[in-house]
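Each chain carries a letter (A, B, C and D) given by its place in the written order, and its residues are counted from 1.
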Amino acid sequence: MHLRFTAADEEFRAQVADWLSENLVGEFAAVRGRGGPGDEHCFVEERKAWEQRLAEGGWTCIGWPEAWGGRNASIEQQVIFNEEYARAGGPGRVGHIGETLMGPTLLAFGSDAQKKRYLPGIKSGRDLWCQGYSEPSAGSDLANVRTRAIFDEPSQRWRISGQKVWTSLAHESDYVFVIARTDPQQKSHKGLGFFLIAMDQPGVTVRPITQLTGTAEFNEVFFDDAVCSAEDIIGEPGDGWKVAMGLLGFERGVSTLGQQMLFQTELDEIIRIAKSNGSAQDPAIRQRIAEAHIGLRAMRFNSLRMLSGVADDASLGREAMIYKLYWSSWHRNLGKLAMDVLGPDAELLLDGPYELGRLQSLFLFTRADTIYGGTNQIQRNIIAERALGMPKEPRGTAT
Amino acid sequence: MHLRFTAADEEFRAQVADWLSENLVGEFAAVRGRGGPGDEHCFVEERKAWEQRLAEGGWTCIGWPEAWGGRNASIEQQVIFNEEYARAGGPGRVGHIGETLMGPTLLAFGSDAQKKRYLPGIKSGRDLWCQGYSEPSAGSDLANVRTRAIFDEPSQRWRISGQKVWTSLAHESDYVFVIARTDPQQKSHKGLGFFLIAMDQPGVTVRPITQLTGTAEFNEVFFDDAVCSAEDIIGEPGDGWKVAMGLLGFERGVSTLGQQMLFQTELDEIIRIAKSNGSAQDPAIRQRIAEAHIGLRAMRFNSLRMLSGVADDASLGREAMIYKLYWSSWHRNLGKLAMDVLGPDAELLLDGPYELGRLQSLFLFTRADTIYGGTNQIQRNIIAERALGMPKEPRGTAT
Amino acid sequence: MDFRFTDEQRMLADTASAFMQEVADSSATRQAMISDAGYCAESWQRLCEQMYWQGILVPEACGGLDLGFVEQIIVLEAMGERLHCSPLFSSVIATLALRSVPESAIAFSLLERICAGDIVSLAHTEARPDWGSEGVGVTASIGESGWTLDGCARFIPFGHSANTFLIVARHAEGLGLFVADNNQPGVHCQRVQTMDQTRAMADLTLTNVSVAREYCLSTDFEGTLDAVLDAARILLAADQVGGARKSLELSVDYVQERVQFGRSIASFQAIKHKAADMMVKAESARSLLYAAGCIADEWLSGYSDERALCEAAAMTSAAAGEAYFFTAGSGIQLHGGVGITEEYDIQLYFKRARSTEAYLGNPTAQREVVARLLLDGDS
Amino acid sequence: MDFRFTDEQRMLADTASAFMQEVADSSATRQAMISDAGYCAESWQRLCEQMYWQGILVPEACGGLDLGFVEQIIVLEAMGERLHCSPLFSSVIATLALRSVPESAIAFSLLERICAGDIVSLAHTEARPDWGSEGVGVTASIGESGWTLDGCARFIPFGHSANTFLIVARHAEGLGLFVADNNQPGVHCQRVQTMDQTRAMADLTLTNVSVAREYCLSTDFEGTLDAVLDAARILLAADQVGGARKSLELSVDYVQERVQFGRSIASFQAIKHKAADMMVKAESARSLLYAAGCIADEWLSGYSDERALCEAAAMTSAAAGEAYFFTAGSGIQLHGGVGITEEYDIQLYFKRARSTEAYLGNPTAQREVVARLLLDGDS
């Protein structure tokens, strides 16, 4: 057990850093540090172009097998790439859902034909993906999906109808993957299918959801007899739950290290302000800054333990399950800390009508962190049941 | 709405204070400030004698109707009495279960004969009572009582068998009131009876429970064909749940103000130590002492609102339900604060083998506060369901 | 000792609640908060004419109702429940300041104008380094023709709509209280954009502003300022308690409706226990608030000293600020996804919770005030 | 970068766990803690002879295993899991101190004696006002015949059983490190009664104790003391992490068994979520612990400086202290009524959580150390 990187890894780090510093210039200079969570609506065109630049440099999908255009990069190298990317101010990746969710799902569950059809577009940065899981009546309860998929024999196509919600980047995406009910007789997680659907068709409508920040990060996506060819279901009808659960596992990976680098820049900014406005001398603020720093370090070492475990036995360990709860709670606290460090000025906007400063966005948007992707309450259930082996609650009607 | 007491009330206050200062002398001087929670095992004989002295002075059961020997004291006067009693260092009342639980229950639900038989002994400080509610398999779940009561026709007596637990003062008491199952066919809260049972009989065995403090505050009480006359059931067989629930209401009353005076002396002691050992200059300790002070004031005003509400419409309000959760959490935090104020010396005992100092007892014993009399978890259920009208959980088997 | 509303107080609470339901529903609040003034002039007029809440603490001689502090709290709590956008808070603070300075014709007439619905705002701080006298950023110098004021004051609630300012300024020997109208030469007041849009704020800049001698209401205002700010903290806590209770109510209503995993999510222990914790905090802050109201009443009538007021204010402010932030923040969590949408009101409560928690000193600062009273000096 | 145990480390962890299961079950711990020495001599002997854990950090030349800090953490974590009463912690601290002073025959022979099972204790503080160099209460004066020591040191783990003391004393120009045997004239060490009985503590009193010149191992020990104490905090954190994880395990086991309201109470959300929070804290502290172990290894081998060690120690100590107190305290709550009885072990964990949390600086103090590194100076 040791924390030092090998000389080869350090060389790889230098290579990444060099490429980024050479390429994050010109048209891409303006998007440095932009487009992260809470800021997804900005510089979308530039960030799309950036995906393709990245791909040209061979820096998309580096963990994928070489056969599919990846570098088969080791965990250490993926950690390094993500760290350097964040350190260089690489913009929020519009392609991340394709690269970290759709791609691994295709690699694990897709047919050869599906891989050939979709992986190259993801790898090249051309095709953007979004995810269609949550529904208005099934926020935390994925098994309660009501979107229907009916197979139309004459046209040999699936027809999808229903509504998804909390879909980020929907208005920019080329494709969406959707869980829909293939067997209306089946309840809960049985009878679901996992579909790959083109966004650019009459049956798909996107409506942005305005948030408390005044901006729109998430969307509603309406499916009204949207079509999907027979080849665009992953696995069999009825396999949707299995595929979706596998996919949830991919959400926690090396990208967490990059996320933490973004958190570090936020914390650094807060520390800078605290030093300049004197709140760094306030004992209560000092405690909280120290706590934030400790929490972020703990997050990093939790991730490294988790990733080392992955390399070890290919299964995510106990530490993986605590990750979402940990970072979302930490980040929410950071948002409040930012306000208290800013002091009275925390209220003042950059401009009217409602242009928030970066830390104000952080403060408000982090309230979403403990909700989307499974609320803190759901996360605690998962930890208790899967990591600690505690029983599920009885299902039944409340009285 | 105002906080000032009337001149008449202030006169009453002086009367109480005078009597206490004249009587808490001689044999009773040593028990000043002793015998509270966590200290119940001390000076029992003196405190028994003190009950009778109090009674002679007319200071037991002051809220009871005059017909039963009380003073019919107003809420304000009861508040004042409890405050002055605590301020004078009046010892922990060994008679408090009789005075504040058994007495009001008899007054509300007892027959005239029962009142005549039992109230005078409580009033005079002669008869001490303890309560038999919890059972090993029914800690928080009163409805799951397994102690059985069978009516023996020939002797016209009830025969009680089973085990109660967490019974304080059991080894000193003359009587115990017990919930027991009269109808073995009935589940849950149906088919229970409420019995008054003499402790001094062969069928009753008391076994002290040694706590983490090394002392024994609570007991197990075993009933093995203990007898109880036909007249010693309150209400009908099957009414036990109703009587018990009414009794739980009596637990929250004016005695809370006296409890808070004890808390105040604990906090004062902590403040005194903080000032003398320099921890009063530690910013984090300052915050916590201020928080403790604010919490204690909030507790007082919560109680006053609750008591004013009682005077108003005879029903306990929203505030009543938060009381147990509030004080127990507050007190537990106070125990930790005491340790942190003591600093390194917090570890050192007064003497071997395990003689704890007052604040060490506070620290350890307050871990029980959030458990006995309904855990914090149960209290939150009660608040959510009764005060906020939220639904009960479905009953069912965990999976 | 009687810790209940009197019948009149109960009636006032009912009236306040009904009036707020009428003028301050969600859409009215949303309309008012994005308007230029940040409040609805018509509602303000109705409040002044029909309710006369601006006169609650004004002496009868000046046309006021001369009621108590508890009454003032009752209406502010009802307003806080509805996130009402209103300059009333400003006028009440000004009333307290005017009642605390030596009697004068100017003070008398300002109290009359407050009753008539004029907005009078106390401008006292730059909030650097703190919200109290250390933060005073206006200086006053005396000359032949009277006083001259220069400097800035910030965070004046609804100051951009004020007719008149009560300006705290530092002079050679201490703090003074000065009167200036908004249209006087050198007086410039402008609304600033804030994260919480329901409590509009303004900055005041004074450039060489002449104030006649009789418009200096006090030259020894430092101690008085502390007391007025303490009273203001209690008034603000009323808003916070109202908002905290409503945040709880909205959240409980939402979770009762929302079905997941085959049952109302209100039946989940995690949800119920969170709601229980919210209630404990909100109701405890409310108890402290009413007690502080009683103590402020005693202070107004001379029975209680500034130390008691200060302790009550610090305790109440700390508890109410935390309770509001906790209930509104937890309220968002209980709302789940919709909690962070612009469409639902809980996020407006959350923003007001933050702005009020920070205003006039956050809970940490207030607890430090309590600690000073308990731990320092001979007390 | 490889944040996994090596195969050897995994084997050591398994061995440690098995050995502890054998010598440190509940009844063994309860017997040891009330014995005069506060530990079981036979288990200590087996630990030294069969496990040789006292030699993990001792250089091979002195008969040690010369393994790493991570290895030392692994065994201390296993011991903490079982509340093992053992002087090992003392001997490891002494080892670190002896490795940090200039090489000498005395230091060499003391390291040999540690390997032989002698108990050597660092006596450094009166813990007033703090646990670091400010708290040093022994003075050393130099004379013709050598040094003379006078004063007190407190809170020496298992000091009453120590064969030899390493005494930190203040001399005219700084701090020195001195060696004295327990039977030397003027040396008096006595166990004190403590709330946590599993970590026996002793006070040392030195009256006119003569120490020959060669028994002064360093006259410039101040910076070294800081580093040794930082290393000690990491070692202590291993105990805490072990205890925290076991507190969680005991509690989950208990709630699985306990039936109330017709179901295992482990199925209640309130219980499950508490357990989840316990796990998050325990596992995060554990991650920090292992990272701190790596950093301490780098420090031992000269790759990392004292600042990195200090930061790692402060972070780990704060997190592990809080995690242990939280898990053991919550563990009592999950146990319900039986949690506060003498009969169940969770209360022993709770007491050890408190004693270790306070020892060498509590979490608040440790966070302030982190804050200093982040916020003060030019760093």
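Here, contacts are C-beta pairs under 8 Å (C-beta built on N, C-alpha and C of every residue); 3 or more make two chains touch, one makes a residue touch a chain.
Predicted model only: the values in this text are computed from it and were never measured.
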{"item": "Selected interface, A-D versus A-C, where C-beta contact pairs are more numerous", "value": "A-D"}
{"item": "From chain B, the most remote chain by mean C-alpha position", "value": "A"}
{"item": "Chain centre separation (chain B, chain C; CA means) in Å", "value": "41"}
{"item": "Chain A-chain B separation of Cα centroids, rounded to whole Å", "value": "53"}
{"item": "Residues of chain C touching at least two other chains", "value": "263-264, 266-271, 273, 364"}
{"item": "Junction residues of chain B - those touching two or more other chains", "value": "283-284, 287, 377, 380, 391-399"}
{"item": "Complex interface listing, chain D residues touching chain A", "value": "1-6, 9, 70, 248, 252, 255-256, 263-264, 266-269, 271-273, 275-277, 279-280, 283-285, 287-288, 290-291, 293-295, 297-298, 303, 315, 318-319, 364, 367-371, 374-376"}
{"item": "Contact set on chain A toward chain C in their complex", "value": "134, 137-141, 144, 165-166, 209-212, 214, 278, 282, 284, 339-340, 343-344, 346-349, 351-356, 360, 363-365, 367-368, 370-372, 375-377, 380, 395-399"}
{"item": "Contact set on chain D toward chain C in their complex", "value": "268-270, 273"}
{"item": "Residue numbers on chain B that touch chain C, as the complex places them", "value": "1-6, 9, 76, 79, 271, 274-275, 280, 283, 286-287, 289-291, 293-295, 297-299, 301-302, 304-305, 307-309, 311-312, 318-319, 322, 325-326, 377, 379-381, 383-385, 387-394"}
{"item": "Touch list for chain A against partner chain B, complex", "value": "283-284, 287, 391-399"}
